[in-house]
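You will see two complexes here that share chain A, one where it goes with chain B and one where it goes with chain C.
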Partner chain A sequence: MERIKVRQLCFYFVAMMPVAKLLVYPATLTYQSKNDLLLSAFVNCLAEGAIVALVMLLAKKSGKSLFALLENTFGNITAKIVYGVFALFFFASALLPFMEHKNFVLQVMYENVPSIISFAPFFFVCFFACVKGFKSIGRMADISLPIFIVAFAVLILLAFPHADFAALLPLQGASAGEVLRGSLFSANWYTEAAFLLFFLGHFEYEKRASVKVIASYAIGSAAVLLFLAVFYGVFSDIAIRQQNAVAQISKYTTSFTSLGRVDYLFIFAIALVMIFRLCVPAQMCVHCLCKSFGCKPMLPAAAVNILLLALTVFFNYSFLELQTLFTQRLWFLFALFAYALPAAALLLKRRGAHE
Partner chain B sequence: MKKLGNTCKENVAALKGILTSEDILVFAFETQDGAACAAIYADGITDKALLGEQVARPLSREKTPKTAQEAAKILQAPETKTETDPLKIADEVLAGNTALLIDGVAEAVIIGMKKLSMRAIMEPPGAIAVKGPREGFIEDLKTNMSLVRNRLRTPKLQFKTLTAGKQSKTAIAVGYLDGIADEEIVKKIVDKIECIEIDGIPDSSYVAKFLAERPNSLFKPTGTTEKPDVLAAKMLEGRVAILVDGSPIALTLPYLLVEDFQGAQDYFVSPYRASISRLLRFFGVFVSVFLPAMYVAAQLFKLQILPLSFLLTISGSVQGIPLSPSLELFFLLLVLEILIEASVRMPKYVALALSVIGALVLGDTAVKAGLVSSSAIIIMALSGISAYTVPDLVGTTSILRLAFVVVAGSIGTFGVLLMTALVLYYLVTADAYGVPLLAPFSPLIRRDLKDSLLKTSMYGLDKRPKVLQSKNKTRLRNKGGKVNHGKN
Partner chain C sequence: MNKLWTSIFLTAAAVLLLLFFSNDFGLIDIQETAIVVAIGIDTAEEGEGYDVTAQIAVPSSTGSGSAGNVTVKNAQTVGEAISELNHETGWYPTLVHCKLILLGEAVTETDVFRVLDYFLRNDAVEDSCLVAACAGTARETLQAQSPVNDISASAIAKVLSSEAQETGLVSVTILKDFAIGYYSVGKSGFLPYISVQGEAESQGGGGAAPTAEIDAAEECAWLPSLKRNRWWKPKRQPLPIAAPVSSESGSQGGADSGASGKSGSADVFQASETMLFYEGKQVALLSPEETLAYNLAATDTDFAYGSVTAEQDGQETVYNLKMKIGKKKRSLTFENGMPVFTFTVRANARLADTDRASAILEVAKTQIADDAILRAAEKKFEQELSSAISKAAAAGCDLFGIKQRLYRYRYREYAAFQDSVLTAAQVHYDIRFTSLK
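Then we have the complex of A and B:
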């Protein structure tokens, strides 16, 4: 149930990682960094890429799960507490993407169904995914890769003719402070290294695994940067108002032809991969709870999803406030859990007392 | 139960005490020196001519044998064994064999003389091939085993014969190629069959239910085939075959979903043609499941997806229809299912009349009456026909199709996506006998992709499928197909 392959990790970084950054992130980044959004995103990618490399180094040196490493260093109780804290972090990091997706569903897919009614069944799918464990993440990465590549390529190709890349100039149009603020305030979209940390011990480190994973991360990041460039090229000054970037980016090409919005078919394909990606933090949360309490995933999965549904209902009309809270006030928490703690994991004892 | 005694009369009485039915007959005769003999058999399933020729005639010309083994030597029957337990002897008689009892011998000789009226070996109606072998399995286990043996003339072909069903005592043969099939899987299958405790097994589909690792799954638990050539090919890949007496459908394990998209004919035509056929089948299933749902979702929620001219045509056709698109299509699909059910069961002489009713009255007239739109009829027909590109999945696709329409009608496109995600989550985590159902796509097995939705040439298929974990991995050694002239 809990095994994953290096190949699947690579596919995860290529296909599932970028989709989380295709909705609100581009507009938010434009708000902070203006035409220098690529620089901000690049800083994030570089930082997260470095943490991914460090975690892979840890995987190469120990081959143990994070729980085993924590247990070796601090003992069983502390390991359980750390997992409990991370469960809270994953719970929090799942909430904003859920809200993003709910708004995407409301604004892009429907005009006449209340968003809560249409979005609530998502939690059943998420519950099912949570019960299935890491194996489902890996196997969904296998499925996601061809879907993502085809859909992403078509959307970018459709948008390309209308992209004016001169809009990205002049470089350093925004101040260094704005670029850095853009990077820091988007920390909640960069939690992949924390996920990788929990995959430790659940995959067999094979020859050149680090190179493969880091290269895959680079490909995924390049896809995000390309998307941001095309996005800003298409919308430039009005990019800030394009909340569901992936649904907007190719609309001009299709509107000018008599084909209808055929790009919706590819947007739906991306949305399908998004569903798989959205489940990941919830699956991580359930994994941590199972380890902390030593229980089977059924009960924590139900509890986590019911709570997430309740919070989604609670914040139904407060997405902007929630986004501001998470991005502009609690960014340091995301940076701590997604960057600092995975890097600090290198300091954990890699050998147990009895070894 | 008390074992057989030395007196023929008492033994016959003991067996008649167990086999009380009137169709269990006793053929009494004597040896040359006057010892009483009795052949007990079931009327209608035993070859009486053979009984006379191979049993009664030789024994009546010889002196009384002292043991059952000696008697077996006198008989001219190739298939004999001895038995002392009356209950087991009764089972053999009920299976169509003859029990020979001789005065002074405390054992019965069981002689294989089963003769059933069977249909001839013919092409299975559900798996018609334009190219390739046309023979199909019949209802007789031994004939089916011989059809497989005829195609795999190797001592490595093994059959383990088991019996299941308290009342039916159905014979089940588990066949595999020693050294190619995974022995653990063979053991697991044998163990599961031995654990079956049911009154009767009328068909192999009963056994399939017991072999399923997920009994409540919407998807098939085992592979099925009616053709010996297909079964032999699957066994050569490392699968295990299960043949059930009384059933013309053989089961294969482990089962992969992609098997249903592979036709027997694909291996007899060019790889390009085979690949196109497989992609068409996949597209057919995709259209069958998703087209009605997307039509409903597009009409209810996402009209922009349709080109303007197409949209105008559809909006013209749906004008004045009293039902909502989802209800309209749901009922049409329901009518389609009813028509299919009726056409399978109706007598052939009324089929034509009912086809006219189905096509004209329910289709054309319903559109003219304004009850349903012509576009919905087209969608229903396309979906219905497409499902039959993969006949083995029709049951599953028809259920999924209805479920998707309901979801599309209530939640729209996102509902369709959620349902797709749920089905995919289920499929990717559904492993049976240690083999993932969705392999070689998830988990991705590059080597096995060569014979999945696309097919390479025979030289490309030099290895057995990796997912089946066969010990003997190579199936084609001379990859280039070069003639080895050999140097002396």
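Then we have the complex of A and C:
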């Protein structure tokens, strides 16, 4: 149930990690960093890549789960409390992507403004994934890789001829402060290192596993940077209004005038991978709750999904406020949980007193 | 979780995902939906606000589509007019298929984004739709009858097609590009300028003016399929063509047809002129020759026809040339501290026709244009390009992206020259036409 393979981790970073950054993130980044959005994103990727490398180093040296490491260092109760706190973090980090995806589905895939209940089926899928544990993340990564590669490549190729990359000039058109603010205010889109931290002990460290995972992370990050470059090249000075970026960049291909929006086929494919990716923070939350309370996943999974559904309904008309809260006010929490704490995990005792 | 529950969950998840993606509950009742294919915006004829004309496609059982126009008058905003369209007609307007936004000439005299921002705010309209300005009013233009297409919006869209752009005859703009220009540092843009030209009367032409108001009951005659449809409730949800002429709210709805007259005059849409904009207001108009020169030097046009006059055997002769652009480049450099804007164009030309009878050998060698003709073509091209750039610079319009280049590539000099670069830049023309030898 809770095992995952290094191969699947690699696939996760290549295929599932980038899709979380294809909807609202590009426009949000443009709002802060303007045409220097690539610099901001690069800073984030570099920082997160470094944390991923540190976590893989920890995996190489200890081979234990985070819970075991915490238990060795602080004792069982503290380990449960830390897992409980992380459960709250994962719950919070799941909310904004859920809202993003809900808006994407309702705005892009529906002709009229549909009822919010149209999005409800997603929570059944998420509930199922939460019950199945880490093994399902691995399987989703296996499925996602070919889908993502084909769909992403086609969408980028369709958009490429319409992208004016000179729009990214002048370099440093935005001030250093704006670039840094862009990086910090988008911290909520960079939580992969925290996920990796909880995979510790659930995969068998094989030869050159760190290199493979870091290389996969680099490929996923390159895909994000390429997408951002094409996105800004296509929309330039009006990029800020392009929510649901992945559904927008490829629609200007003139052959669609007679065929219709063929690119929707690939957008649907990306949306499917997004669904898989959306489940991950909820799955992490359920995993942490199970460890904290020592229970089976059924009840926490139900509770988490019902709560997420309720909050999605509650914040239905407050997406902008929620986004502002998460990006501009709570960015330090994301930086703490996704960057600082995973890096600090290296300081945990790798051997128990009895070993 | 046992296998039974796993199977149940998997099946339920699959079914729910299918519903989730398929929009199965969001089907649109075509009988109650007005499919708007074009929007025309004019300043109000009487009073303040805008007159917004929606051209609505009417599906027919015969397969040949037709369209009717509905005008909402004196709306304060375009959004209000679209809502009013629903109130006036009972039909829910869907703008997903709106492929053309037509701006009346008077609208272009003020900032056009007072009306166009509605389409940027509203994702119901794709920003890939065409935008154009027209002579007179958009309402009259949409009422014109094309000899080749029943729906005037489709006829205009054909005139503004990407194929037309590639031949350099028109400068096509979509909403996204026009908006990018408006919000860029240059604050400039251009729109094709459409004029309707009355052509020969078609057979049996009764001389009905294209703008004639037609009785609503009479118009219903071209909608047999809808009249027969029992699901349609005429009292509760009248057809757009039966919209009342006025309403209590003070706005007025007019109804007319863009396609009702199968006989009568046929009109041709011309879009070879280009209207230039600065800060959203029209500031100049490029002639067809200047438009062609602009397209050859700065847009996707790679293939075009043009005429030049050259002297041969002591006689002035008009040569029609077929031009293929091999290379086009615009660059901004600084010489002695001053900006220099350079056009580099390499083109291949061949003779397509002349205005005099030629010997058979000359006809056989039509791929070869001699040097005198090529030099004349270069000179003509440079003249028209110079005229276009001068016109744009005088009006403050960054048509060729000079200011944008200054911002992107010479950012250090931007502060010093941002207000003057259009007029201060020295323009160099490096234009070479070649032909088969």
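In the analysis below, the second predicted complex is superposed on the first by the 349 of 355 C-alpha atoms of A that agree within 3 Å, B and C clash if a C-alpha of one lies under 4 Å from a C-alpha of the other, contacts with A are read in each partner's own complex, and residues count from 1 in each chain.
By our rule, contacts are C-beta pairs under 8 Å (C-beta built on N, C-alpha and C of every residue); 3 or more make two chains touch, one makes a residue touch a chain.
Keep in mind that this is a model prediction, so the values were computed, not measured.
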Regarding the shared-chain residue A:Phe128, is it in contact with chain B (first), chain C (second), both, or neither? both
Looking at A:Gln8, would you say it contacts chain B, chain C, both, or neither? Reply first, second, both or neither. first
Can A:Gly260 be said to touch chain B (first), chain C (second), both, or neither? first
Touching partner for A:Ser136 - first (chain B), second (chain C), both, neither: first
Between chain B (first) and chain C (second), which does A:Tyr252 come into contact with in this model arrangement: first, second, both, or neither? second
Which of chain B and chain C A:Ser236 touches, first, second, both or neither: second
By the touch definition at the top of the document, which applies to A:Arg350: first (chain B), second (chain C), both, or neither? neither
Considering only touches as defined above, state whether A:Gln107 meets chain B (first), chain C (second), both or neither. second
Per the contact definition in the header, classify A:Ala271: touching chain B only (first), chain C only (second), both, or neither. both
If I apply the document's touch criterion, which positions on chain A are contacted by chain B in one structure and by chain C in the other? 105, 109-112, 118-119, 121-122, 124-125, 128, 268, 271, 275
Over in the complex, which chain B residues touch chain A? Could you list them? 300-302, 304-311, 411-418, 420-422, 424-426, 428-429, 436, 438, 441-444
Can you tell me which positions in chain A touch chain C when the two form their complex? 105, 107, 109-112, 114-115, 118-119, 121-122, 124-125, 128, 131, 166-167, 169-170, 173, 235-238, 241, 251-252, 254, 268, 271, 275, 298
For a test of understanding, state which residues of chain C touch chain A in their complex under the given definition. 1, 9-10, 12-13, 16-17, 19-21, 23, 25-26, 28, 94, 96, 120, 123, 126, 128, 162, 174, 176, 179-180, 183-184, 407-409, 411
Would you tell me which residues of chain A are touching chain B in their complex? 5, 7-8, 11, 105, 109-113, 117-119, 121-122, 124-125, 128-129, 132, 135-136, 138-140, 142-143, 258-262, 264-265, 268, 271-272, 275-276
